[in-house]
Amino acid sequence: MPNAALLEVFPTPGAAPIVVEHIAEEFTSVCPKTGHPDFGVITVRFEPRTAREGGTCVELKSLKLYFQSFRAEGIYYEAVTDRIRDDLARLMNPNWLQVRADWRGRGGIRSITRADAGEVPGHLRGA
Amino acid sequence: MPNAALLEVFPTPGAAPIVVEHIAEEFTSVCPKTGHPDFGVITVRFEPRTAREGGTCVELKSLKLYFQSFRAEGIYYEAVTDRIRDDLARLMNPNWLQVRADWRGRGGIRSITRADAGEVPGHLRGA
Amino acid sequence: MPNAALLEVFPTPGAAPIVVEHIAEEFTSVCPKTGHPDFGVITVRFEPRTAREGGTCVELKSLKLYFQSFRAEGIYYEAVTDRIRDDLARLMNPNWLQVRADWRGRGGIRSITRADAGEVPGHLRGA
Amino acid sequence: MPNAALLEVFPTPGAAPIVVEHIAEEFTSVCPKTGHPDFGVITVRFEPRTAREGGTCVELKSLKLYFQSFRAEGIYYEAVTDRIRDDLARLMNPNWLQVRADWRGRGGIRSITRADAGEVPGHLRGA
Amino acid sequence: MPNAALLEVFPTPGAAPIVVEHIAEEFTSVCPKTGHPDFGVITVRFEPRTAREGGTCVELKSLKLYFQSFRAEGIYYEAVTDRIRDDLARLMNPNWLQVRADWRGRGGIRSITRADAGEVPGHLRGA
Amino acid sequence: MPNAALLEVFPTPGAAPIVVEHIAEEFTSVCPKTGHPDFGVITVRFEPRTAREGGTCVELKSLKLYFQSFRAEGIYYEAVTDRIRDDLARLMNPNWLQVRADWRGRGGIRSITRADAGEVPGHLRGA
Amino acid sequence: MPNAALLEVFPTPGAAPIVVEHIAEEFTSVCPKTGHPDFGVITVRFEPRTAREGGTCVELKSLKLYFQSFRAEGIYYEAVTDRIRDDLARLMNPNWLQVRADWRGRGGIRSITRADAGEVPGHLRGA
Amino acid sequence: MPNAALLEVFPTPGAAPIVVEHIAEEFTSVCPKTGHPDFGVITVRFEPRTAREGGTCVELKSLKLYFQSFRAEGIYYEAVTDRIRDDLARLMNPNWLQVRADWRGRGGIRSITRADAGEVPGHLRGA
Amino acid sequence: MPNAALLEVFPTPGAAPIVVEHIAEEFTSVCPKTGHPDFGVITVRFEPRTAREGGTCVELKSLKLYFQSFRAEGIYYEAVTDRIRDDLARLMNPNWLQVRADWRGRGGIRSITRADAGEVPGHLRGA
Amino acid sequence: MPNAALLEVFPTPGAAPIVVEHIAEEFTSVCPKTGHPDFGVITVRFEPRTAREGGTCVELKSLKLYFQSFRAEGIYYEAVTDRIRDDLARLMNPNWLQVRADWRGRGGIRSITRADAGEVPGHLRGA
């Protein structure tokens, strides 16, 4: 089941702002209603606090293991997005963070769910 | 015929704003003038009210059945978009909602019809 | 329901062999098991008999109406392909004919069904 | 020759604003200088006035016939765009309207010509 | 774990040869060495025996459940392909059958594994 | 109307066999039934006789003018292909020649018509 | 060598603002350092002054000849963009003008150089 | 190891602002944790100071050698982006500069890291 | 330097013939002439001997390390392909094996080098 | 003007047959009729004689300079292909060689010219 304890961080390397994006193309969880697997692409984009502010960035391998911890979980699309947003925002306390999930869909309808934390720049909202 | 009674909702799962998008790639209705079938892709994008505000999201399978209820309906492009916008806005009372239909077209002309409800963010209008 | 009586022909225009291909990108029928609509692309490829042999070609608008007659029919993938092959082969008695249906699929699996009539050239089989 | 009298309208179906886009992929006219045919894709995007304001939308088949009336016309790229903008703006008196022509080009240079009428939203200008 | 008992068949509908192809885009199993999930696209192509010969075709939903039964299985690439080939060939006893798995890969290398049964037409081998 | 007198040739430049292909992406004629324009891509592929054999190749600008001479002609798909095959085969007397027309289609069905002259290599037939 | 005297104009056809874009996909000049040819795509986008203001547009064939005049010129990427911007801005005195060159690159690095004149709309800058 | 001393500049050629972009598609460094090579595409976009301001642009071949100097370096994604931003900003002192690295990724997750210097135009941030 | 001792095998899992393909998208070596790095995609396709014949397949992680051993090697395109063919053919003694390298190229020319071992099926040669 | 003296060779590195392909994406010559430049992609594919037979391969940089020697030459499409075939076949005396030129075209028609030398494998002819 989703396990935020798997997540690790490292200190933001520099003093100037950066924007980081991780795109996990092999995410899978289980639909709690039908028991069938769901497949999606999870994109996480964030601006960490700088080194001076004690900022941190999520470590890549730990993020992979965290995503794998959803593999057997029965959980809805919207809850996946919310959960990842909350776990990562709590972990890094970034300036802002966006989570987007592109689901492969079922029965001819595919879905995209998005969740933001902090002050996402205006032109990136809903993108 | 289009049947909004098929639509069901579930409560928005979280407290922070999310944006949801459903893309139905197999929509079909009938042209009221010629009797020939029309084919299109319907995209619905919305920001539901949050859990605290009693917000709701449309349930995916019910949305599929609702779209299927247009299959034998004679209805114009613009009226399809209007109808879906009105039915979904009434159902969920979201912060904002966009409907976009990309029609395969006829006689060398393909069309896109769009309808908005509520305060759609400026940079998403007409997109 | 599928209605081969809608099909019309016109005489092959020339004396030398030709190969004709029609690609119907908006085919839809109904799954007899679930009642949900199926969507696919139907490709028909054939070599008509020549003018001298009294050959004929299916007329395009009649082919469209014939395909539309499947719209409310509950019929399996393989049976659609078989039915179209049989109806068109009987209609035109061509040198050879191939039918291929590319289905949009369900539950993460999409399918292609193929049916041949007559002596299809070797390098085109299963293509 | 270009004939705006071919154009017909129907009343905007709803009370809320919509945006409509028609993409004619088979436009052809004649270069007045060389006599060779020009080929392009014409995109018309507009926000009609609402039903309450007596708004109208151009009827699709009439638009097709109107575009076909340019087939034998000797007319420059920029004049095509201007002419369509003026004819459609006069016909519908929309809130705003954009015309864009993507020409296949000649001699290694392809061109795009654009013309606007009314208050086109800022982020759509020149798009 | 992989469960061939989930597979069901239905009789080949017609008398003339057909070729069927199923493409499962959401296959996942587990690497027995690392414990990390593998993701791939499984393509199954076959020519069933005809109705007269008592031929059968695998039923689509049962195929989906069969593929899902690999979800928690630790199994190598080549063994997945072999296993599916063997299970389906035993089930349907087709004229010929091909299985192809396109794996998303690891560490910058992606792989394709193929397995055939029966007399696959020459120009389709290794394709 | 189609005018083969516009076609010119030049001598094949070399002694060794060559294969030439011309792809005209802006072909248009008129449907004799509806009066609406048809649009297509015409591909001509041929092996001219060699210089020693007195072989000739069609000159490119003359081919363009020849194709333009179909612009106002009411003529069916299959007849276009036949006519071009006959005119060019007579003009050049090549070892072999293929004509393929990819039509943009009407009402959701697009078509490809092909016509051959002489001994087209086996693996190129119907391609 | 680059020859602005080749450029010709014609009067802007209408009273309302238009935006014109020319995309030359076959531009070539010579690297002054190595003597090797450079290849790129030049895009020119501008809003001419209106007919009432005495506005003019660059004539297409003259633009082609002007671009061809760079063929033997030894000139750096940035200087090409600057030169074209200056020559065309002087020629047409437009409301604004953008030049963008997409170079095929060398040694694994490809470059894009851009130069603006006048008040380019904000959302188009650097695009 | 990364060597900024390899970088050379040339004076900005003109008086009007330009925007330059270099896209290095063959960047490789080494992961300091695993010792495995990382591969990415580095995009550098900047507005140099003008000729009047004594502005300079990085010379292309020197940039290539500078990028090659990372080949054997063990360095994290975020540090690569930071390092390049710092080295190039110090070298050219441009009006603004953006560095973006698109990494091919590992274990199903690919990443994008971005770093800015100076006043990057708002609509280009995070792009 | 290229080190075939890194390569490991595992026994072919089944009795029936299979075809395996590995596509390494991140191959890099060094040009012995210029000292600049070369980048390419290496595809290895082979039919291992069956389990009964004592056949073996190359292990994926060892293949990755083997490819990484070329990273600092000065070696020509054709020699890379030859070397990999020879090392893998000696390792597995397969029924047949193909190596193909798609190089990113230099100075506007990109290259593909291919090397075969054993009886490659005819329709796969040079593909 | 085309200068075969620029071409250099190196000995085929191995004893087993290889197939080499060079794709020059930036070829340009001049149309002898109009004086306008022609642009194309030249593909050369060949099987050199083996090391034992004293086989040679064309050296890549010399091939680039040879192609550049056509830059100012007035020469027809078919003659370019013939000339390159003859020059390279004489240079290397390979087992077989194919030249293919994909021209960007003029006036809506693009062309492909091909020339072979020696015993090109059947399934590669005209491809």
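In order of appearance the chains are A, B, C, D, E, F, G, H, I and J, and numbering begins at 1 in each one.
We take it that a contact is a pair of C-beta atoms (placed from the backbone, for glycine too) under 8 Å apart; a residue touches a chain by one contact, two chains touch by 3 or more.
Predicted model only: the values in this text are computed from it and were never measured.
Looking at G-I alongside A-E, one finds more C-beta pairs in contact between the chains of A-E. Listed options D-G, G-I or D-F contain a single repeat of the B-C interface, assigned here to D-F, on the basis that more than half of the contact pairs agree by residue number. The distance from the centre of chain A to the centre of chain J, each centre being the mean of the chain's C-alpha atoms, comes to 51 Å. Rounded to whole angstrom, the centroid-to-centroid distance between chain G and chain H, based on C-alpha atoms, equals 27 Å. Taking each chain's centre as the average of its CA atoms, chain B and chain F sit 46 Å apart. One inter-chain figure worth recording: chain H and chain I are separated by 33 Å, centre to centre, where each centre is the mean of the chain's CA atoms.
Under the contact definition stated at the top, the residues of chain H that touch 2 or more other chains are 25-26, 36, 39, 104, 106-108, 123.
Only residues 25-26, 28, 36-37, 39, 68, 71-72, 104 of chain H touch chain I when the two sit together in their complex.
Only residues 10, 12-14, 16-26, 45, 57, 60-61, 63-64, 67, 121, 123-124 of chain H touch chain G when the two sit together in their complex. Chain I makes touch with chain J in their complex at residues 76-79, 81-82, 85-86, 105-117, 122-123, 125-126. Interface of chain E with chain H (complex): residues 36, 39, 104, 106-108.
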